[in-house]
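You will see chain A twice below: alongside chain B first, and alongside chain C after that.
So, the complex of A and B:
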């Protein structure tokens, strides 16, 4: 039983990381109908920005603010440089452009910072707490807490605020939205900024656990992408549930079946979904959109 | 005058051969050339630079002491691009220069494997740093190894844990890639021979974000000592932290990555007190210390095995050519194989018939973040 609880906590913790990155995928997909393959690199860039600020001697909170502001700026540049010039083309050139951007981002950081992984201290001085037989890593606790807050925030933002509703309207029907006086390009710009900040947040939160390295983004993004498909592409709740499910499944699969095939379980679930339920757990709303 | 076809052919042949003949005549009075295939570009470019540093340091010392056969020695460097096709191309470019007498190959076993068929064709001595045991055990007479091969790391880990630490219940954790699998197997064999077969043999896939299941398996196995073969330092860092968080504090003896500079930095206190095997340890001998000092003076940074083995290779190769009294490949080969009790930066070289120079490892300890030399374990076979 102790073992199960410990595995459950870790599974949810790592699943929350996938969920945060998956959220970024979903938001951009809803707004633009393309998958942004540079989403993982957003996490990596933010973690490096954070490392640079902390190394410069800035306080942790200020580094955090600067890193997220930097990500907002990167979202703007990404939108203007990668999406905007291709917005009237089909989805394919845009997807290829995001792959190109992801290679550019990771190689730029490699050129500036070198291949050695870096350490980023966690938010708390205490590494974790022992709760009975289960050890709770403080950084995982924070990640889970932030994920819960973000779910609530997203619900409030998209359902209760005017801006949120405008964003939803844009993602559902761009033509209709622009007829109603909504500036579609502004809405898409906001979506890119928000996704970049979200991806960045995930990167900064996970950095103390996984260390800061060039490939940190791509490894998380691959799982997050699988989580998005499992949850249902284009659904915020789906991304969260898909991420958490994936984290728990692979952790338990590793513990009870085989550690070397840990990644295999994640992708086995993905294949099963693609075959039997390609629209994902929360797939109906995508069907509605189509 | 009418030119016959035969005269034309003879003239053409002479014309083509002349530059080569002139070059070799000129070479008699010029330098002795050693070719070096090394990553100048690609992912290991930084390590490639350290290798060049080590080789050049040895070269300077050799030349200062009068060179080889009364001539100065020159290093001809070719970029292997850190890839297998890259090193094959680099080696063929160097091999085309007939005045190069011997070569330095790669520290990466896979690259040595790629170039091995060409090495046989060229038939000149090639110094290597790759540690896959097969490289010198596949009947290629021209490969000479300047690092201990992987058979020894497993034996040293086992010997140190069982004999020195007195631990017999082993848990082995290893990567499932070629390096980790071979290492895990070698360690299991060595432990079984010592009468302490492992209670857990646990593989993991590289770039795992979470090691909780592995740590819990170690915990449940009831092992009292841990042996590891980790390929990537960030995997090792995550594992080390989770190991300590979940309350596993048994002694730990690992492959060289446990004591690598970046793991020490990433894992911090989680690796304090661990042991690792290392082919180069600066405090292991006077020669290693002297090499360390010379390297620091020259390059203002600490040396490691990437620079230590090319240093030894150039030193021993030069001594062997001097002893052979000739640049004839077979005579150089015999002289290298006859090298015994030669104190190098990596350890004492005693070449065996396969071309392996070193037969043991240093054991080093992470003492509160500082890597200190503990002992050297050598084998006679």
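So, the complex of A and C:
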């Protein structure tokens, strides 16, 4: 029983990271109807930026701010270089371009930084606290806390602020939004910046738990995408629930079934959902209008 | 590499048998095979040629699934690896016959490809991309971790070749021959029924379904063909190099295959060979770049972004564009006779009987308990103000929406629960309000897809009969002389006519026209009216939706009026148009 509680805690912690990246996927998908396959690389790049800054001797908080600012810049460059020129084409060229961007980002970091995984310290000096039978790692606590805060922030931002409503309007109907005087290209730019920062935040948070490596981006992205499908594609709540569920399933799978195949469980769950419930837990399939 | 000089497709006029027209290709291929067998290459060159040949076959697979069918596959290296391990483990560990293993490689990849495709292809393209990446990762995981079967990271050594091709030189010749054969099949594929279906699905899924194509099955076929070509290529690769290891079949390799395909030109096997050749040779010339890990793939990633943005059709695209422009000026195929429409008459006096049809979107009752009875040989109009549920009705009739309740009987067959392509097979033809043609094809090819409707009794066997039927339909709408032009070169009104021709070529039992007059100028409207008369004169039943009251009142004998999803009037044209409810629905009441 103790082990089960411990695994549950760890699973939720890792699931929270998937949920954050999944949120980035969903936001971009809703705004542009495109899945950004470089979303995971945002996490990876942010983690490396963090490592570089900390190694330069900057304080942790400053490194954090610099890394997130770097992600905002990357979001701008990504939008202008990859998405925007292709915005009037069908989804296929855009997907391929974001895959190209993903390869470009991860391998540029590899070329610059080499293949050795890096270690990033956690935010807190205390490693964790013992609560009854369960050991609560401080970094996992931080991850879970930040995720809860961000979910609340998201709700407030998209439902209660004018900017959030403009973003929603853009994602639902670009033509109508532009007729109402909303600058669609600005809204899409903001979406890319926001989801790059979100992805970066997830990367920085998870870095002390995993190693900082070139592959971390694609691994997280695959899980996060599986999470969005499990939750219901394009659904914000679904992305979070899906992410948490996947984290828990994976942690238990690794503990009770097989460690080397840990990364395979997400895929099996994904296939099962695609076959039996492709619309996910919350989602609804929308038919194209003839 | 294949004889690209000899691969200029034949003009649209089809007369001589295929084998004779394509003789130059086979002669060229035979010369290449002889060269591969006879020239003395040193080991280094031989390896490069062997790699280029086998990789090209794998990239052919991508040109089918991505180029022809518009579906993505980011796991081609995994299928390539399946094939390589099937031949590797089969010949080295199990001491099986090479040929048996090669067939096994194809069979395994066929099953894996079909399964992966069937689980995902009903959903959007994003799913497929992510699922294929996941699949690729899983395959790599298994190759590395299932040490007992795959030897793990050590890989498989001592892979054997067939007795017949023991020397590297003769094995290369064998691979070149395989390349030539597979290349021929892939090159010829777009002009077959399956190939046309794939292109139709790529260009417009909805229109493909409504023209009798089983969209899902076509996609699964394309995906499975791609996987099998990957498996075949992998099997040949394993035999060529005698040693394989998991890192040769990683995600990075899948990306390399994709880059090869995009660079050369995704739509053609010639492009595949060009792209593969370049991406194998260029790294050999620039070996110094390899000293920095990651630099190569970073360049590939950047190339993918640049190619997609600046030359989406790849290198070969430039050449084939010129060819397409040239083809537009070639003479259209001859027309044998006038178009014959012989609508099937298995049912009774009523061709289409709709009873209690409803379509609800959540709480919105877009169509609510509508009855329509269309008499055989009549022109029946369905009218109503904006938002009255006309187009929704049409979409439910053609199967794009599923009816919430009610029954639809076409010529004695209950089609209520059929998929769009099955309804088309049962005799339904339709056009769209916002024109849905296959944009990358010629007018003739568009109409040919219509003529290929399953169950069309008006075409004989073979491609010539198909072309003949399509030409008759195009000539019927007055565009026969422009058959070989691409859709984009036609005016809006003419595109509408091509859509009607596409439906007519299929010899439907009932023709559904969704606002055919929308966007037409007054001359075009008059022409459309004449065309409708000529269609009706051949006894084809028409159900037309339109706003144009002049057209409707002159063309239709019978009118059904909808408002707010309900039928408010039904009967003989003039009487219905004077009906007080109809007048108030259109003009408002006091």
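General remarks:
Operating definition for what follows: the second predicted complex is superposed on the first by the 272 of 290 C-alpha atoms of A that agree within 3 Å, B and C clash if a C-alpha of one lies under 4 Å from a C-alpha of the other, contacts with A are read in each partner's own complex, and residues count from 1 in each chain.
Simple rule for what comes next: a residue touches a chain if its C-beta (ideal position, glycine included) is under 8 Å from a C-beta of that chain, and two chains touch if they have at least 3 such contacts.
These numbers were taken from a predicted model, which means no experiment stands behind them.
In the superposition on chain A, A:6 contacts chain B only, with no contact to chain C. Of the two partner chains, chain C is the only one touched by A:278; chain B is not.
In the superposition on chain A, A:260 contacts both chain B and chain C. Taking chain A as the reference, the larger set of touched residues comes from C, when chain B and chain C are compared.
Contacts of A:170 after superposition: neither chain B nor chain C is touched. Once the two complexes are overlaid on the shared chain, A:107 sits against chain C while remaining clear of chain B.
Once the two complexes are overlaid on the shared chain, A:154 sits clear of chain B and of chain C alike.
By the touch criterion stated above, A:191 is placed in contact with neither chain B nor chain C. Look at A:115: by the touch rule set out above, it reaches both chain B and chain C. The interface of chain A with chain B overlaps its interface with chain C at residues 114-115, 260-261, 263. Residues of chain A touching chain B in their complex: 3, 6-7, 10, 14, 17, 114-117, 119, 127-128, 135, 137, 209-211, 213, 215, 219-220, 251, 254-255, 259-263.
Against chain A, the residues of chain C that register as touching in their complex are 70, 72, 74, 119-120, 122-127, 129-131, 133-135, 137-138, 141, 145, 206, 251, 255, 258, 262, 292-298, 300-305, 308-309, 312, 391, 394-395, 398, 400-401, 432-433, 436. By the touch criterion given at the top, residues 29, 35, 37, 81-82, 85-86, 89, 91-93, 95-97, 99-111, 114-115, 214, 218, 222, 225-226, 229, 233, 260-261, 263-264, 266-267, 270-271, 274-275, 278, 287-288, 290 of chain A touch chain C in their complex. Against chain A, in their complex, chain B makes its touches with residues 43, 46, 176, 202-205, 207-210, 212-214, 216-217, 220, 233-234, 237-238, 241, 245-247, 262, 265-266, 268.
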